[in-house]
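You will see subunit A twice below: alongside subunit B first, and alongside subunit C after that.
And then the complex of A and B:
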């Protein structure tokens, strides 16, 4: 996409067009536009909704892929769009998961819903990110220092949570932090539930209902993020990624832009963590704060294509599917090795991402111009 | 001719005033008690051999580094402790020595960032076309920036700084790496911007380029103001010639 004045970019005047902001769903910062993309998008969504009924997929497993899509989106906007690599993205995922569980255990019986638990699961990591991010960005930390700091932070959380087994000390209301065993009592950790009084809809994390709910939510979040990334804010993120010092000389406080995207990214990771806790009614330190929990997110996004939202999400879902297949097909001990091999191969063959590479070729097939990220990917191949 | 001490600009109240600014990096003094005043509408050149402290001087002006001592006044306001974005909002524009364009975006999209703060999107196409005309890049709105030549990228970087409508424009080696014709065109761009009333400070070590601009010139040496005067005065100064040849 070239960003001409007559195209759907924020550099155009949509102010007088009703709901003109909806046009931001396509633009130069996101791959895919026009009927070929949206037809393909509609077919994929349709197939996804029909899958439990007609293709026999097991929601208990597939729900995990959808949750990973939220987490991949959170790292894509932070790393791919704003250029801030975090090796500790799972820290926010974990904080969200724990807070959802703690609030759920304490309030679900009283309220019958998980409104506050979900809100807490999103807000807590956001506030945490605001605190950590303010220190990092106003201290002008950048690059590898942020990546390592975030990984260390996640491991510190894991270390701390592992020693919270004493029920007398580490309890918040009815919720016991539980050390390595995870949040207790697990049977009281709710799935998501909406509504009040008699009109409450509880969605079991192991059933089809959760699959439809999470998939719909992922689509809504995906479209909203596309609009955000093609707005002025998206342009600023890319400008900060490309050259933060230059962007500052145009009068922008780069630290605030970085802090804003860091918090947004944490909120998304927190949402993913909350959904994951609701999905399996379980959260423990190794599951959410460990090195492998953090590195897997980076692998999904790097292999899929970090500089585009769609490719990052596709990377997460595909690799999670592959990982599940590897671990259930008789050779689970090689699963992690294979994942590492895929990362190395992808970095060598398609350094901008496998799905960016594929999208680039599909775009050429349909005669469409591509995103700057896609064009950059082509240059590397 | 030489006037290294605190000085007043030849015409009017200074728009930019540097007072006894010193910058130390550990044991190395990059800027040494430098004082300088720039008048509104002035085109001022700064020259000096490698390591003279020219780029450090611009970084001090823009706030990417802060002085060890001394103060910097812009329009009479002390901006010594302000971060770069606050200085930009007050009217300081800069093109640093390296290219500083967004190479993965188109020419048009590159202008979106500097224009966004002060202009509506609907006004941007006209504004961009006008700036591109002034920097010899008309018709290249949709070109991906990394497909432009080195010289065109330098002009684009200058154009992005112009888009901010700065009161003072700082240009660090605007003709670096350019051929003869492109260097000539760059000098014309700078002179036409100055003729429109923009205050401009140019750092350069290409004496031919400075001769083309023919403006008041300061010579930096070992971080200090070594000499100042018209280009002709500087060019014929024996001491200046010696520092360029490494004899002082």
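And then the complex of A and C:
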């Protein structure tokens, strides 16, 4: 079977090979399809799972990259697919992280697991996003205004959390908000733990266990999002991005679609925030709400390639790796400088993203051309 | 504190916050109104202005000249940025937001690496002249000697008397002067006519022989120069750090958006009058934080009623009555 035949009769060709389920996770909205991509995907996953044992990577460091992957995915579906840029994506990350910590501190001793904390860490930002998003989208605010208002929102949260040092006033049960020092008592912030009674698996965020757990979760979320993006909902998102007026004319309520993807994106960011709080048992305002926290998310997604899930996640992981390497071998000042420079350079040279460019090259190598949906130019406002 | 002191204090704070908003937003509003580009590196251009002012004043150059030089330097820096980077993003609003954000990060890191985390602070001019209000003093403009006489041996103010620094009022006066100057430039000069033509209809302006790229570069330079002057003025009152500008960008943006792009100057003035008022009242009643939150809430409400900003709304009303 050749690549050409695959392209003209995709459904039949998949039905013949034993990987028919791939039909669900591939389509024009996501890059990569057919055996070359999935073979490469399998190899990368295999190598990633073997890495702690055979390649000596340190989970303490690498776990952070995987958490970034979730956050990058959350901005990619929002900005890349639905065309709604948020410069304050870390706000939802932070809300998720704080809520996970607060519930965890209060309930971990009683329940022994973090099911509720994790659920809260995902639900709280979703509800928050539903509230903020409803106002913004139903007022039909322009895209630029939404982008900046989200950043302002994040900075407001930072300013508020910075002045919560008073333990008498800012206390939720056992948890103290703790101002600039972050959520206290830090020693009581749990790691992720699943199970009931005796059979509880607690996963230390600094060890291999968390690495395997988070990596598996990232793969599951990644595949689920690919399914979603290639469903009719994914097509709607792209339709809203490319031409909101025409989508409206077809009878869809653009505002509801925007609100839905905004909430989904906040839920993913909240998941990332919860995992990050569990990973280092710490959350503080500067870490999650500051300008630098917010700009990093935009850098990963813009440099990797915002209009594709895979490239956005790859962007996050590689840039976090690069940032860590620059920080340890040089200094944090130079690392930040390089990140800013990379963003500007990428926007000028590869505006669609570095990995999209590489992906297109690889695609051509295997005789497949990129789908027009992702190639279409920007059509904001 | 009697009623007169209170009213004076309130008016003083109102002028202070209005000056702050006008200075921070004027350059940004010109760039946004003319080109539709939100320059997230605006605060960094102000920071460049502050550093130039600082270096000039360390070298013994008097403050007014140093601040003008800051304007020139920031203007040149802005034109270079426009030519190298920003002109590629004119039709892409969201991308221009992202790329200028990256620029702001880059520029502030360069300054951090070159000059370290902070600079020796500059003396505030006119700091020895104060306005005293209330008590048996009534209302008086006093120098250092008069101030010492009033405070007496205790070193403290007599009860009921408040003192206000005069530099804040100077800043307000300069802000008003700058607004008038920009208005004259846009309304009464040939450059202004060309710039407004480019803003209204770039294609037509180009067809009539106006070099729109050049107009864009000059306008961006003008906006940057205004940012540099504002940065120089602020440098005399606050600590000078590489992240100096970040505090201003969000406020400036909100002011500009509320003003709207339809009429750059009158929109800005109306927006500053409204937002400055909200901020002053709430900061007085509650806290500075509540004042800022209230300002954003007010901006949000105004945008809900008038999605194109105050000036866009006025234009619509005028169109309807015609």
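Rule of thumb we're sticking to: the second predicted complex is superposed on the first by the 350 of 381 C-alpha atoms of A that agree within 3 Å, B and C clash if a C-alpha of one lies under 4 Å from a C-alpha of the other, contacts with A are read in each partner's own complex, and residues count from 1 in each chain.
The rule is simple: a contact is a pair of C-beta atoms (placed from the backbone, for glycine too) under 8 Å apart; a residue touches a chain by one contact, two chains touch by 3 or more.
All figures in this text were calculated on a predicted structure; none of them were measured in a lab.
*Asks:* Applying the document's definition of touch, where does A:174 land relative to subunit B and subunit C: first, second, both, or neither?
*Replies:* In the superposed model, A:174 contacts neither subunit B nor subunit C.
*Asks:* Identify the partner contact of A:337: answer first if only subunit B is touched, second if only subunit C is, both if each is, neither if none is.
*Replies:* After superposing on A, A:337 lies in contact with subunit C but is clear of subunit B.
*Asks:* Just subunit B (first), just subunit C (second), both, or neither: which does A:202 touch?
*Replies:* neither
*Asks:* Quick check on the superposed pair: does A:286 touch subunit B, subunit C, both, or neither? Answer first, second, both or neither.
*Replies:* neither
*Asks:* Please indicate which partner A:302 is in contact with in the superposed arrangement: first for subunit B, second for subunit C, both, or neither.
*Replies:* second
*Asks:* First (subunit B), second (subunit C), both or neither: which does A:188 touch?
*Replies:* In the superposition, A:188 contacts neither subunit B nor subunit C.
*Asks:* Touch test for A:155: subunit B only (first), subunit C only (second), both, or neither?
*Replies:* So A:155 only meets subunit C here.
*Asks:* On the superposed three-chain arrangement, identify whether subunit B or subunit C touches more subunit A residues.
*Replies:* Touching more of subunit A: C.
*Asks:* I'd like to check the shared interface: which positions of subunit A are touched by both subunit B and subunit C across the two complexes?
*Replies:* Subunit A residues touching both partners: none found.
*Asks:* Touching subunit A in the complex: which residues of subunit C?
*Replies:* For subunit C paired with subunit A, touching residues are 38, 85, 88-89, 92-95, 97-99, 101-107, 109-110, 112-113, 246, 250, 253-254, 257, 289, 292-293, 296, 300, 303-304, 307.
*Asks:* Spell out the part of subunit A that touches subunit B in their complex, as residue ranges.
*Replies:* Listed in rising order, the residues are 2-5, 9-15, 28, 232, 235-236, 238-239, 242-243, 245-254, 372-373, 375-376.
*Asks:* Considering the complex alone, what residue numbers of subunit B touch subunit A?
*Replies:* 62, 64, 83-85, 88-89, 93-94, 96, 100-106, 108-109, 112-114, 116-117, 120-122, 124-125, 141-142, 144, 160-161, 164
*Asks:* Can you list the residues on subunit A that touch subunit C in the complex?
*Replies:* Going through subunit A, the ones touching subunit C are 79, 83, 85, 87, 135, 139-145, 147-149, 151-152, 155-156, 159-160, 163, 291-292, 295, 298-299, 302, 333-334, 336-337, 339-341, 343-344, 347-348, 351, 378, 380-381.
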